[in-house]
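Shared chain: chain A. Partners: chain B in the first complex, chain C in the second.
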Partner chain A sequence: MSEFLQHLINMLVLGGTYALLGIGLTLIFGIMNVVNFTHGVLYTFGAYIMFIVVQQLGLNFFLALPVAVLAGWLLGAAIELTLLRPLRGSDIDTTMLVMIGAWIAMQSGTLWIWGGVAKSVTTPFPEAPLVLGPVSVSWLRLFVLAAAAMLILVTYLLINKTSLGRAMRATFQDHDTASLMGVNVDMIYTSTFAIGSSLAAAAGALLGPVYVIFPQMGDLAAVKAFAIVILGGLGNITGAVIGGFILALAEELGAGYVSSGYRDAMGFLIIIAVLIFKPTGLFARAERVG
Partner chain B sequence: MTRTLGLVPAIVLATALFGGAAGAQTIKIGVNEPLTGAFAASGTYVVNGARIAADEINAKGGILGKKIELVIEDNKSNPTEAAAVAEKLITSDKVPVLMGAWGSSLTLAVMPKLMEYETPMVVETSSSGKITTTGNPFIFRISPPSAVEAAAFKGIVDKLALKKVDFLVINNDWGRGTAEDFSKMMKDKGITIGLVETMDQGAQDMSAQLSKIKSSDSETVIVTTAVDQLTLIFKQAAALGLKKRIITTGGSQNPDQIIAQAGAAANGTMHLTTFLPWFPDKTPNPEATNYFITEWKKRGFEFAGCTESFRGYDGIRTAAAAIEKAGKAEPAAIKAALWNINIKGLNGDIVFRKSGPEGKESGQSQPNVYLIEINDGKVEMKTI
Partner chain C sequence: MKAIITILAVAALASVPLWLRDPYLLNALITTGIFVIGAMSLNLLLGFTGQLSLGHIAFFGIGAYVSALTSLGFDIGLPGDIRLVHAPWPPIAGFVLAILVAGLCGYFVGLLSFRVRGAYFVIVTISFAEVVRLVALNWVELTQGPLALTNIPSIALPLPGFGELMLRTKMQNYYLVLVVALTAYLLIARLVHSHFGRAMRGLMENETLAVSVGIDVTRTLTIAAVISAAIAGAAGSLYAHYIRIIDPEVFAFINTVTMVIMVISGGKGSLAGPVVGGLIFGLLPVALRPVMAPEAQWIAYGGVLMAILFVLPRGIVPSLALRFARRRSGKTALAPVALPETGVKEPA
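And now, the complex of A and B:
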């Protein structure tokens, strides 16, 4: 029983960050319809910003987090302005190829600047874990969960309750009509991509100190983010959050009770099942076709 | 303008010719190591150790009157890349001998290429038994196979009063091979084998595996993986309140890095290692060990890397000794000469003995294996 409880705690902590990765990508992949291969690199980028600010500049850990989010926002905006804006209206394959190129170039860039050896970030949290009866959890991970929950809530409110969010939803539903209604469509494209990117950077900034930081760390994270988005239904923020927790649960229980060798396969078995039985994702709203 | 353009190919040609001529003045040794990916830290340490050996040899005038030149390539911790890198080093750089490829799965992927091009390779780190038992006569290994590690560990098993043991190993030839060899030895000793958990080489979160191990009734966990994943395991085990004795194998632990990154969580852990940089006087070759450690520090590398980098140092010295003995930098001659070398490595004499099926034996040297314990953030040697 205590083992099961421990798995549940692990799932909560892991699921929070998966959810954060998922909502960032669902904005870009689900709403903007850009197959964003740079999502993993932005995750890596956020983690390296933490490394620079905390380890190299010696500044405060909590100050580094907003810096990483802001840096992710700026890099995302730059990618949108330089790569995606000239390609708007071109087919999805072209955009995809350009994004793959950007992914490889940026990953090689991190390798060139920081080298292949993993870096770690010191945190202000105590080493001794919080012990609650039979289960225990590190303070750092609790903080990560809380920060992720806060970011998810802010994103949800931004999309659903603000005029910017309304303009975003309108733009991606019908770009021409939104434009006719006075929405600055160009600005909406850039800010949506930038917000999605800053969420990826935030996930990297939060998880980098939990694990270690290296140039390829984003690859597996990006694959998982795509899985979560597909699981939750494209463009569905609530779906991405629940999808993140489902993936974490599948990994924890799969590794705990089936076989740890197939831990990373568990999530993808679920994706295959979802694609076969409910291809629009678990939480997609019914849509009118035609 | 036309004349200027015409000059460019001429300059390129001249550079190529000159470069080619300069190339013939050196003897090349191919180095196939993981410099990126899951084993980047370890591979980089090995390459830095290899550079110290090459510089030392060159400072003394090189071999056969020529300087040695390391051609270093990154196998990206990926077996497919490791095989491609070996092919590139042999066919394009024309190296007569290689050193590599750190991981067992990486080395196993390179082995068919060695057969194809009949080029020998000094294996400096890999510990899967399969490497020297499948009949590849181009393999010369200076690191201990996991069965040798298990045999060395056998002596201390009674003292530690082991009763039931779980395993947490990296999911590749190295980890699974270690679990197999250690299980066999322990079963002979009457120790019960509990869980055998695995983790992918790039995995960063081992909490699920560790939670499972935490709930088992074993008192000891044997962990096999490289330093990056080990530090994560120590941190995550501490976060889960896992209170079992942890023993690591494989010699890629870099204990000082574990002390630095895992802090108090490292106390009481034991590690099977193949080098004793903390106690140079207790190594088989104190003079060379002191030289190596001084040189390592002089270059500004972290002391923690010594336990891995010495493999690169010994590996290059082994290859160089064979080239010298062969009298020429040709693969067949070097392969024959490797059987006849006897050099003082930092971890014992490097002399190759035959291993594997008759007629196509691989070479296996017999290095020492040590058990160390971390106490109060310090490394102590245990007698095996």
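And now, the complex of A and C:
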């Protein structure tokens, strides 16, 4: 029983960051119809920003998260402006392959700059975990959960309570009509990609110190993000949050009770099962953002 | 005209080992040739039915593992205290089994994944390849996991009356790959220009319309997937017996991406496209190696991919063919423009 409770605690921590990854991708996928293969690189990028700020510049750990969000936002906007905007109107395969090209180039760039040796980040949290009866959780993981929850809330408010969010939802429903109503669709696309990228960078910055940081860390994160998006349904933020926790639970239980070697297979098995039995996602309302 | 170019190209390829003595370059050509076969099989799906499978390496890898395990033998325990023991068979049997098993996998994957389209199809196929990779990594008793299957025997051709010919040298393997590649090319060409090929293209152009004229979409797509997977399995088998060691890294996503790059840059939906694109991107690392660090090579690789998509979105071969056709139609004012890929006769 206590083992099961421990898995639940781990699921909460992991699920929060997975939800961040999923929200970022579901916004981009849903609004822009772009299969974003650079999402994993942005995750890696966020983790390396954490490493630079904390280890190389020696600055405060808590400062690193906002820096990573901002850097992810800027890099995302740059990718959208240089690669996606000129390809507006091309078919989905072309943009997807350009994103694959960008992913290969950027990941190799990371490898070139920082090398393949895994990096770790020292955190200001005490070594001893917080013990709650039969289960324990490290302070770092608690911080990760709290920060992820806060970012999820901010994004939810941004989409549902601001005029930018309203324009994004309108663009998702029908970009032609949105454009006729005076929404600057190009600007919405750039903002969407930048916001999605900053969330991926935030997820990387949060999970980087929990594990280790290396150039290929984003590959699996990207596929997991796709699994979450498919679970939750396209453009569905609440679905992405629930999908993130379901994936985390499946991984925890799979690793705990089946075999730790198959932990990462859970995401893929979920993708295959959902798409075969319920291709619209588990929480499909009529397709809309929100 | 087209026939002459084809014959000249084949003759040029066949003559390579006679004048090229550098083993490093010959090795690069053989591995490139194996990937070109994989790219041709991918083109059958991507170029002629419009379905982008990003899990294609799964069939290649399955072919490699099936072929290697058939010729090495294995001894594994199954649930219920059953032991499954397989004594080594000749590699040529592995080659045939690789084609059959990969085709069978193509059937099941096609059956399941063709229920969805577009981005969802892409993601299902990626997931399939990753699951297969994780199985290869974790089922250590069968696959040796990360320790790799080693000492895979080379393919031996049975010659009636003379025993068998072991294909060990690079020159022998080069010709083996060339023969398999030509066979695959002719098979795909024949298929594309048949009634079945027109059904495939029809549903790529407009699926609803194809259904309304009586094309069974799922059946057509599944058959294409089976043939495509079987050819990829053959390529995987060649790879296993040439490299003679395989590990789960053969399933790496980057290998699928390499095949997709070969198809798209050369021109999807063109028979010669994957060959041209394959030779360029297979040999690009060889050309870049003396001038760049390995990481920089990959940056250039990604950059060249993006550049081709921006400059020649239709691919090299269709773009050149279009230009050639335009020039000819300019000379003979009203002559009908010859479309590419009409050289092969339609079967009656």
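We take it that the second predicted complex is superposed on the first by the 285 of 290 C-alpha atoms of A that agree within 3 Å, B and C clash if a C-alpha of one lies under 4 Å from a C-alpha of the other, contacts with A are read in each partner's own complex, and residues count from 1 in each chain.
Criterion: a residue touches a chain if its C-beta (ideal position, glycine included) is under 8 Å from a C-beta of that chain, and two chains touch if they have at least 3 such contacts.
All figures in this text were calculated on a predicted structure; none of them were measured in a lab.
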Subject >> Touched partner set for A:Thr94, first chain B, second chain C, both or neither >> reply: second
Subject >> Touching partner for A:Gln216 - first (chain B), second (chain C), both, neither >> reply: first
**OP:** Name the contact category of A:Glu252: first (chain B only), second (chain C only), both, or neither.
**Re:** first
Original post:
A:Gln173 contacts which: chain B (first), chain C (second), both, neither?
Top reply: neither
Subject >> Contacts of A:Gly261 with chain B and chain C, given as first, second, both or neither >> reply: both
**OP:** Considering only touches as defined above, state whether A:Leu111 meets chain B (first), chain C (second), both or neither.
**Re:** both
Original post:
Taking the superposition as given, does A:Pro86 touch the first partner, chain B, the second, chain C, both, or neither?
Top reply: second
**OP:** Across the two complexes, find the residues of chain A that touch chain B and also touch chain C.
**Re:** 111, 259, 261, 264
**OP:** Using the touch definition up top, name the residues of chain A that touch chain C in the complex.
**Re:** 29, 33, 35, 83, 86-87, 90, 92-94, 96-98, 100-109, 111-112, 219, 223, 226-227, 230, 259, 261-262, 264-265, 267-269, 271-272, 275-276, 279
Subject >> chain A - residues contacting chain B, complex >> reply: 2-3, 6-7, 10, 14, 111, 115-118, 120, 127-129, 131, 136-138, 141, 211-212, 214-217, 220, 251-252, 254-256, 259-261, 263-264
Original post:
Quick one: in the complex, what on chain B touches chain A?
Top reply: 35-37, 40-41, 44, 74, 171, 197-200, 202-205, 207-209, 211-212, 214-215, 228, 231-232, 235, 238-241, 261, 263-265
Subject >> Complex contacts: residues of chain C adjacent to chain A >> reply: 52, 112-113, 115-116, 118-120, 122-124, 126-128, 130-131, 134-135, 137-138, 253-254, 257, 260-261, 264, 293, 295-299, 301-303, 305-306, 309-310, 313
